[in-house]
Amino acid sequence: MPEILIQYEAEILSSIGETFIMVGVSILAAILLGLPVGTFLFLLRKGQVLENRFAFSALNLLVNIIRSFPFLLLVVFLIPFTRFVIGTAIGTAAATVPLAIIAIAHYSRLVEQALLDVPKGVMEAAISMGASVKEIIVKFLYVEARSGLVLGLTTSIISFISYSTIMGVVGGGGIGDFAIRYGYQQFKTDLMIYMIIIMVILVQLIQFTGTTVSRLIDKR
Amino acid sequence: MPEILIQYEAEILSSIGETFIMVGVSILAAILLGLPVGTFLFLLRKGQVLENRFAFSALNLLVNIIRSFPFLLLVVFLIPFTRFVIGTAIGTAAATVPLAIIAIAHYSRLVEQALLDVPKGVMEAAISMGASVKEIIVKFLYVEARSGLVLGLTTSIISFISYSTIMGVVGGGGIGDFAIRYGYQQFKTDLMIYMIIIMVILVQLIQFTGTTVSRLIDKR
Amino acid sequence: MTVQVFKAIIISIVITLHLRERGFFLIKLHDVSKSFGRFQAIKSVSLTIDKGEIHGIIGASGAGKSTLLRLMNLLEIPDDGEVEINGQNLTNLSSKDLRQERKSIGMIFQHFNLVANKTVYENVAVSLQLASFPRKERKSRVMTCLEFVGLETFCGKYPAQLSGGEKQRVAIARALANSPRVLLCDEPTSSLDPNTTAEILGVLEDVNKKLGVTIVIVSHEMEVIKGICNRVTVLANGEIYDTVLIEPSRIQMMDNSPRYFVEQLTEGRVIADA
Amino acid sequence: MTVQVFKAIIISIVITLHLRERGFFLIKLHDVSKSFGRFQAIKSVSLTIDKGEIHGIIGASGAGKSTLLRLMNLLEIPDDGEVEINGQNLTNLSSKDLRQERKSIGMIFQHFNLVANKTVYENVAVSLQLASFPRKERKSRVMTCLEFVGLETFCGKYPAQLSGGEKQRVAIARALANSPRVLLCDEPTSSLDPNTTAEILGVLEDVNKKLGVTIVIVSHEMEVIKGICNRVTVLANGEIYDTVLIEPSRIQMMDNSPRYFVEQLTEGRVIADA
Amino acid sequence: GKQDEKTDKENVQEKDQEEVTLKVASLIPPMTEILELVKPKLAEESINLEIVVLGDNVQPNTALAAKEVDANFFQHVPYMEEFNRNNDSNLVPIEPIYFANYGTYSKDYKSMEELPEGAVIAIANDVSNIDRSLSLLAQHDVITLKEKTGSYYTTADIDENPKNYKFEEVDLLMLARMYDDADAVVMTPAYAAPLGLTPKSDALLTEGDENDFAITLVARKDNEDSEAIKKLAEAMTSPEVRKFLEGNYDETAIPAFK
């Protein structure tokens, strides 16, 4: 192992840990909240089972507002909220709040798109069997769109990693921030390159897993 | 109009112009290069007409590498290339280079996903008619996936706007950077909020256009 | 094949025992109209389908048969008119009650509409899940229905791995699974060979006779209509041209060996074996 | 309807004039096998289809008919054996030559496989574009083919707006548009009423007689097979059970009025008008 | 009127003949304000001053080294030297302009003594500012530091920390916002000013001007002697700038030139 990696081993390991925490929480948020939000964006549309012009516009606007904020300003803007939720606005835990919110907005769009590709006939079959909205979602929509949902999540996770690199701003840490602070600002180019290699490996692993899983579960 | 907007009118207008340039170039890059890259990601897959394990892995890795870079470091990393292409590495024109590269990588993933949702039967019809690869792409794949391609582009454009806010680093300017510099760093909160409102309106317009267009061209 | 028919009969008896007494059903359309854009697909149609009847709908391609059928469970919302099932006006029901009502209306779609990411077994099982069919009996019920259509060995396959006829049979099994009281069938045998068709029609007749299920069948095959229906509506250009009462000629069962095809082909005028 | 048939005949003559002399075609399968996973769908089948023949393939649901047909233009790559069309071994062709060869092989899919985002017109036109059919004549050619199938007024509609039978007819028009020399038809009339079926079969016969197009038809409808084929392969469990030579009984044309259905239904045993 | 017009024209012509464009990279006020202030004066001398505002504190040096700008104005000399060491560049200080009087601020506590055991102190997260923040605390004996090993002190170099302060490193941009969150914040006056804080009246500790950290106009070896740079340096050390700094940035930006 190159000497510089040994020298910074502790910092590197903890920054990897920070990235995992930040991205992990984002993934959770994407699944627990982004998925429902995206599902509602789909179901509230014209012609869908929960068609509701007003609710759709409101939800759509909310997602757009989050997506409109320059990320840095979103972080700042959310400070009071973060402080309320986490107790502090700095550090890795605090950094997860804006990341999670961005994650929800980001993934919900990809969910909406994946659901739009479910064939109409499948929805009709569900409706004709008397499925409730919940059943339509869980037993039909998610089943039929599952490979798209997994691929979308993969794309989102990789974006979360990219967003997490900006979280140095509030002391979030992480590999990307480490690369920027030590590698870029302190001109340790070799260290920076190693960090980038770690990130490439991480992203490559995630993409590989996502692609493979989505192919395995796609029976269409 | 609020006084502060009048006071900064010239700067605001020019920052809007900068955002348009940066995002416009990104859109062009996404369409001219991201679309083909995404199409190849799809066509080189197992079971598709250009199936080629090696070429797929290479292209996939390339896209992943770009997506792995912390955006700030990608900007820095590309400086020599930017200087070569644009003649300088600072300013709005220079900022378009890293943005365009990110745009290609970002959109190509969404293109890949949209194409994966084209029913197999349509591909079979194309193949049985003796369509060349180019014809399969243009006359079948893009036609059948068009609403997904438009929605994906919409999602991407909104991400490009978000990425462009970081381009202040190399003097790229833009609304987001303006909001950060004047509104945030100088505590002109009202100015910052106006800038964010402009961005929300912009994003909302783009999303509305994208959603509408994709619905109009979706005949499935 | 006779073995299978026998099985099917046994099975229907089992279902009969399983079910409580259920009233016969009837479907009423009052002046129902449906337009797509400027094109009027159904023009003020009134039609009463009696309890326990097997009602055929026939007509040229594009006459409006599928649309009419889809109006009966409100998959298409009528522009005008009312749809009544068993005395209940579907058009006025709350969405919850409508859902409940739909659980007792089975539907076989012209294009099958199977869930591509569910196995054959899961495609059939899902309708039981939706109707909160007792969990323990689900498996045996699904297998029973798959046996009806001769696909008991196909449980683990996905629709993309099935032939056209196999897909159609899964769709039939799915519609039957939940012991519906009304069965809407849109060309249920269009992809099936004559033997399988006869078999399926036998199952439908049994279901009708033994369980009193009201059946509406859209078909372009004269034999199917003639072989099973009591009354037939002839549709033309979105209007009822005529309604004809007929005596169904009990469908003759044939053995499913390829020999049958050869016999049929060569009957009377054999030229040569190649 | 007779007007349409007349039209169709006129049209086929026009096509004949339009085309250069073309050799008749033949299809040969040598010991072809195809498995899906562990399941062998086609088991070492050898079959020769003569030039200009109308060849039927019949068999029970799941017998392997569609798979066999799809092997003929290499949509399914055989695990073993060779596929030859007009003396050319398709399995050895470069992908460019294979593409070229496919342009002269029309295919009607069991599930239509229309492009959902193309209009009826565009769905038919695309096969002409692919074959670099002279740009000027495209429009009239597309309209001719749509007239064949009685859909000349449906140009601007999208597949989702069509009935099942209309979709199927668009698929037929698409396959005919490019004047193919071999036509592979997978259940081409499964969704069509008897009149439209007779009409379409008439068109296919004309195309075969006047242009020497070799036709392979998979169908489960005995009438279709009997009415048009010269020779029939009976398939069972992925193997050829028998090949039977028959004398096609020229399909009788019927008028397409709803009266026909009523007559058929009531023939001999009228009970009552409801 | 006629005569005025004529002289105007002449002026324009004159300008056209010898106008030089001078690009200077900078970050935030008061740096950018000083540059804006001297702009008209330089214009009189046919120098078109173009201010390039960048958003991070490496790019101005990268751009200067790559000759994309002619000078920059955002850093102190130790930071510049560190850049030279690492990038093989030859940036040179031209003229120190002002001391950004680094200070420690606290919302809840009036003096350093009041700051309790284990209090959280927010400091900037880039290496040179970590070094500077720790040095400031060491200067006032709040902590003691070990012998400097590398070019910068890091939190690992803290020798004694009697009151067990916790150091939270955040981005420069966030520092001011941490005023609410942390028990104390160490920052430059430029970031403190928008909060209405000045080193003179609000800081618990300040750096003063007994240090090497004056914000300095920096150029390159190859252009340090050019006429334009000299005029720029001259303009930036003029009485007007001093007056401006003293008037608007009392003790916040202490003029560093004589």
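Side notes on the structure shown:
Note that the chains are named A, B, C, D and E in the order they appear, and that numbering of residues resets to 1 at the start of each chain.
FYI, contacts are C-beta pairs under 8 Å (C-beta built on N, C-alpha and C of every residue); 3 or more make two chains touch, one makes a residue touch a chain.
Here the structure is a predicted model, which means the values were calculated and not measured.
Here the chain-to-chain distance from chain A to chain C, counted in touching steps, is 1.
The interface carrying the most C-beta pairs in contact is the one between chains C-D. Residue numbering shows that chain A and chain B use the same positions for more than half of their mutual interface.
Inter-chain spacing, taken between the CA centroids of chain C and chain D, is 28 Å.
The distance from the centre of chain A to the centre of chain B, with each centre set as the mean of the Cα atoms, comes to 18 Å. The geometric centre of chain B is 36 Å away from that of chain E, both derived from CA atoms. Centre to centre, using the average C-alpha position, chain B and chain C are separated by 49 Å.
Residue positions of chain B with contacts to 2 or more other chains are 72, 76, 119-120, 147, 166, 177, 180, 184, 218, 220. Chain C has residues 111, 160 in contact with two or more other chains.
Counting only residues that touch two or more partner chains, chain E has 58, 173. Across the whole structure, chains are in contact as follows: A-B, A-C, A-E, B-D, B-E, C-D.
Of all the residues in chain D, the ones that touch chain C in their complex are 36, 58-63, 65-66, 110-111, 161-166, 168-169, 186-187, 190-196, 220-222, 225-226, 231-232, 234-236, 241-247, 256-259, 261-262, 264-266, 269, 271-274. Residue ranges of chain B in contact with chain A, taken from their complex: 46, 60-61, 64-65, 67-73, 76, 109-110, 112-114, 116-117, 119-120, 147-148, 151-152, 155, 158-159, 161-162, 165-166, 176-177, 179-180, 183-184, 192, 196, 199-200, 202-204, 207, 211, 215, 218, 220.
Taken together, the chain B residues at the contact with chain D in this complex read 119, 121-122, 124-125, 127-132, 135, 139-140, 143-144, 146-147, 217-220.
Residues 25, 28-29, 52-56, 58-59, 62-63, 66, 68-69, 173, 176, 194-195 of chain E touch chain B in their complex.
Chain E makes touch with chain A in their complex at residues 57-58, 82-83, 86-87, 122, 125-127, 152, 168-171, 173-174, 177-178, 181-182.
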